[in-house]
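Both complexes below contain chain A, partnered by chain B and then by chain C.
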Partner chain A sequence: MGPVELLHMSVFSQSFSPCGRFLAAGNNYGEIAVFSLSAALSPDASEGSQKPILNFTAHDGPVFTLLSTDTHLLSAGNGEISAWSWAELIKKSTKAAWTRKPSYETSLEIPEINAMIINPKDNSLIVGGGDNNIHIMDMETGIFKSVLKGHTDYIHCLCFKEREGEILSGGEDGAVRIWDSRTNRPVHCIEVFRYEECARPQFGKWISCLATDSDWMLCGGGPSLSLWHLRSMSPTSVFPLPGCQREAVFHQDLIMSVGEGPYVSHCLHGGTVKAQIPCTPSSLNTLALNLKNTEHRVMTVGGSSHQIDVFTNFSYRAFSLSF
Partner chain B sequence: MHLCVRARMSIKFFQIVQLAYWRMGSITDDEVIRKRLLIDGDGAGDDRRINVLMKSFTKWCHSNFSPEEGFSQYQRMVTSLAQCEFSMGKTLLVYDMNLKEMENYEAIYADIEKSITSAHEKIAECKKEIQRAKRIRKNRQEYDALARVIKQHPDRHETLKQLEALDKELQQLSHIKENVEDKLELRKKQFHVLLTTIQELQQTLENDEKMESDDTQESPMENGD
Partner chain C sequence: MSSDAVKKRKPKVIRNEEGTPETKRGRAEGEQSVEMEERRRQCSVHFITLKKLNRLAHMRLKKGRDQTHEAKQRVDVLHLQLQNLLYEVMHLQKEINKCLEFKSQHEEIELVSEEEFFQEAPAEISRPHVTRDDHHQLTLARLDWELEQRKRLAEQYKMSLARKEKIHKAIEQKREYLSSLQPGLQNIMQASLPVQECLSMPFEQMQKQAEVARHLPPPLYVLLVQAAAYGQACDKTLSASISGDVDEAKALSRPPEDSQDDESDSDAEEEQQNTKRRRATVGVQLDDKRKEMLRRHPLSLCVDLKCKDGSVLHLFFYYLMNLNILTVKTKVSTTTDLSGAVSAGELLNSESLLNCLYASDHGQETPNPTNRYQFDKVGITTFADYVSDLGHPYVWVQKLGGLQFSSDGAQVCVLMGSALSASHMERTMKLLQGRLQARLALHKQFSSLEHSIIPVSGECQHLFPAKVVSGLTLVPVEQELGFVQHVLKAGLLRETDLFFMAVVERGTARLLAAVVVNPRYPEVMPLFSLSLHWKGERSGRTEDNLRAMESEVNVFRAELQGPRPGFQLLTNQIQRLCVCLDVYLEMESQVCDGSEGPKEFPREKMCLRTARGPSRLKPFKYNHPQGFFSHR
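Here is the complex of A and B:
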């Protein structure tokens, strides 16, 4: 990988292994790199431990989304979903367990897949992408059992509400749609850009990040990042962050979000931005928290750089892993 | 006298033991040399002093000194003996001190162990507290956010009162409307009665006029006959 390629690399997705000791990251060249967190976090870590233990080309196009189940790593890019066994990846074998494609209506162009989540209740994979529809695949049989239609433009992000079993999807058309996962029918549609306090017409109406915490929902993108109360369907706080946010998560009493701008923003539910922690990439695409493993409890962010910043204490950057 | 003899005997005994070990081969030459140097090196002054004392004692016993010389020799031996005793006393005190120091250190060690475990426990407690405080803060923030939204909507009591006032007004107006309608009906009926009476009167008058004109027509016809 030459220096020019490294310069133009963007990290689009990350996922931690089920044991919490490895991190997989996908970039715009279609490569997936697996890093060993236990080596990088150990007291005698060196330069070499910040390099991937395995780096392979998984897809033709960029790897837009990565997801870890209990045994496999799922990756999706241009229209196809591949699964890799974590045990095999740790042993450095790069053979895919399976590769599947959702049934698209037109076979002319293959739309990209932007987001994937797992519905733990009925063990199904929910996929959203460029064809404006949400496809639901059963993990055991691999059959795509249903399609949720409703969006008028491509889908950026998906989210799942465990308690009610509802799927939330946000897309380029500016609407956040809530679907019931059992009946596969739309329940609500919130057009965020119609609310004056959130709308930022200079950026557009697209929604690129969604996060949910039972009754509350975070959404942002073109409109400002805002916290919504889902029962009353009203925005309660709007966060004064200058750029467009690409990923946001709820963590304990804070909201952490990344987007345009070389920092991670820590915000409180009340609408104040508590801190902005600087990082190396000039703009960030993905944020991941490793909460499964208490020893390696880190936050990693990646974006327009070949380096992935690792935060051991969430308030400052500890070191960077690099492709 | 007993002291010197005992000291010398102990040293000699030790040397014999060393020799025995060396003969048996379980101890090397280096060890022997080292041990010897240590012992002799340590008590260099003392051992020499004891040897000198023994020699001078035997010389003093055997030789014929003049009384002053003998006395001075005796003095010298006594001082030498006193020095040896002093040295021994000092070593014993040092030994006691070392023992007490060891006990002291053991006590301090145990103390520190205890405080380490209590600090660990306190840290765990504090961590739990912080988790609780974070949850509380999150709940407060959510509450505040919702309260802000709710405040934007008007007060329920006010709205209810407004509704009540409007209801009353509505009732009053409909009451008035009823009254007015009733009056209208009444007037209509009265006018109807009046109009029918007028019409009947008109009819009667017309009938009367007709009858009168019939009468006058009949009477000229009777006159002409």
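Here is the complex of A and C:
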């Protein structure tokens, strides 16, 4: 990686290891880098501990999404999903445990995979991407058991409601669709851009981030980031953030979101923006919280830069890991 | 007398005797007088005997003395004789020693050994029957033989001397003859010059050059030899020649004794003058010292590199004597007139033409570490001030002259002198030619770019679609643009880089591209930074799509390079930029909800999807020959 390539690198996805001591990040060149958080957070950390312990090319195209199960790291490239054993990765072995491709109808251009989530109830992997459909794969057998069709443009983000067993998907067509995971049928469809409070026609209608917390749903993208009450299917608060948001999470009482603009926004449920914490990349694509490990409880963000900012205290940037 | 004394004594005694017994006087007077007479008689007899004894004693004494005296005399005589004898013995012994120690001169003469002598000497001299027994005779005979031999050899010596004289004379004659030949030969050579030119065998020229080359300082000489050798072997178009003042060079190498005499005379004169005249100020003195330190050798080397299209790169090499470094000045002469490209004035500027021929070789500081101390003495802070005057001291120039300075310490070079020069010659010449051609190609491209024509060569047409609508203007730029900051921060910008601004326009949209061209173009790709003015201002920092366009133009060298040697790089990059702008503007109109009237840029490009991925990038990659756009 020469300096020019580093200058044009973007980080699209992150995932923490099950033990919480390692961070995997994927970039637009198809590489995955594994960083050792314990080394970077230790008191005698140096420049070298902010570099990855392992950096390898995992896929042809950009790695838009990463997901960690209890033992494996799942990564998605151009139309394929690979699984890497965390234990092997820590030992610096880069052999994939398995690679599977969902079946696509068109063969002219291979669609990307933008989002992956796990349904813990029946141990299945839910994948959404460029072919406008959601594919569900059984983790044990590896067979793609069903396809959920309904979106008219590609899928940006996926989310799972555990209590009801419902899958939420947001796409480029501006619709948030809710599916029942047992019957694989669509339950609701919300077209966010039709609601005047949220809509921002100067940007567009796409939905690029989704998050749920029991009855609440966050969604944003072209329309403003807004908090919805799912039972009444109506927006309760709209957050006045200037850019388009790419990822948002619920954390304790706060809502944290990242998107266009070099900052992490902390918002309250009421609709006010409490703080905007500046960070290195000029726009952010991914935010991850390491809640599994109490020692290394950090938030990491990555975006249009080869650097990943690490926040030990969520209020300010501590240091940056770099590819 | 003594008897008188005795007599007097006696009476005293008598008196005394008489004195004491005064009582007895009466009776003893008669007896006493007989006794006294007896006693007187006895006394006289005693006196006489005493005298006799005394006489005898005296006589005996005298006799004894005489005897002793005589004996003594005898002993003395004998003693004298003994001494005489001893003296004589000593004298004789000395004489004997002298005789024994006597080294006759004949022993200093080296004589042949006895066996040789007996073998060589004729019988009448050696006389073996006598000499074998008698050592003295033997030595004499040997001396005789020696003498005879020496006489003979002296004869021979005289004869040889005479012969030598004769030969000397003969040599002198021949020498005169040859020197008379010299002017004749010169005439012939002069006459043959036109013939040489006809046949293109410039022997005369080469000889003259070799003659002058003898006065070159060693680094320039090494450079000349290696360059000429390289030219003969690999590159017939390379030519090397010497220019400058040969007499001054000869003056520099004059033997020191003459110059010392001159110096002492001139010093004396100068002192006289100085006492009359005011001393020059310190500043002027320092200035003079500086000039002296930076003095160039009067001879310089000129190497011409010709390229295929006829343009020539002239390199002038100078040697700074006190600093022991080589410097170079350049000049470019082309077959076609190069004026007309305003922005490209920097490209062929002789100051910066050869910057960074090898990475980070700026040629602003002297590579010789000892110069630092010399500069401190005369108050020169940086060499960069004098570079425009004296030429650039690039590291590759030092290497070509065989000068090796241990500045970096990282690589230990074992080669010295000619070997060092030879090892770098080929690569450097190729780099120089490549640099000239790259700059000339850039120059040509710039002059057409300024007329808004992007000269894409035939081989690279496949990289771009047939129709590109955006138009270009090229502007030379001032520094300090906001959207270039990220390149500065990444450390990819250097002082030696060239800056340009390209403006691509289509309709109401204006794309500003700041271009950073490294002097080592096309080995190093130019970097583009974009800023779009269309419905607001966006840059590669604020918008992901512009960033993707930047990466499309900056990163994919293998695609954009075109055929070797890659001079098409910049034009291809610019062409691709125009294509990307087209795609962006056309796709952008699609994405927004087209609620306002007709779209400004109707979609003409073919693509499968307008947005892909979380950052919703547009399809910038052109596929040939299908002719549609896709995502990377």
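The definition used in the following text is that the second predicted complex is superposed on the first by the 323 of 323 C-alpha atoms of A that agree within 3 Å, B and C clash if a C-alpha of one lies under 4 Å from a C-alpha of the other, contacts with A are read in each partner's own complex, and residues count from 1 in each chain.
The definition used in the following text is that a contact is a pair of C-beta atoms (placed from the backbone, for glycine too) under 8 Å apart; a residue touches a chain by one contact, two chains touch by 3 or more.
Because the structure is a prediction, the values reported are computed rather than measured.
Of the two partner chains placed around the shared chain by superposition, chain C is the only one that A:Pro62 touches, whereas chain B remains out of contact. When the two structures are aligned on the shared chain, A:Ser232 is found in touch with chain B, with no touch to chain C.
Of the two partner chains placed around the shared chain by superposition, neither chain B nor chain C is touched by A:His72. With both structures placed on the common chain, the touch criterion links A:Arg21 to neither chain B nor chain C. In the superposition on chain A, contact is made by A:Ser304 with chain C only, not with chain B. Of the two partner chains placed around the shared chain by superposition, chain C is the only one that A:Glu112 touches, whereas chain B remains out of contact. Applying the stated contact rule after C-alpha superposition, one finds that A:His135 touches neither chain B nor chain C.
Of the two partners, chain B and chain C, it is C that touches more residues of chain A. By the touch criterion defined above, A:Lys205 lies against chain C but remains apart from chain B after alignment on the C-alpha atoms of chain A. On chain A, the surface touched by chain B in one complex and the surface touched by chain C in the other have no residue in common. Residues of chain C that touch chain A in their complex: 486-487, 490-492, 525, 527, 541-542, 544, 547, 550-551, 554-555, 591-593, 595, 608-609, 611-616, 630-632. Of all residues in chain A, those touching chain C in their complex are 3-8, 10, 12, 61-62, 64, 108-109, 112, 114, 130, 154, 156, 172, 201-202, 204-206, 208, 246, 260, 282-283, 285, 304. Listing the residues of chain B that touch chain A in their complex gives 131, 134-135, 137-138, 141-142, 144-146, 148-149.
Here chain A touches chain B in the complex through residues 216, 227, 229, 232, 234-237, 252-253, 268-271, going by the rule given at the top.
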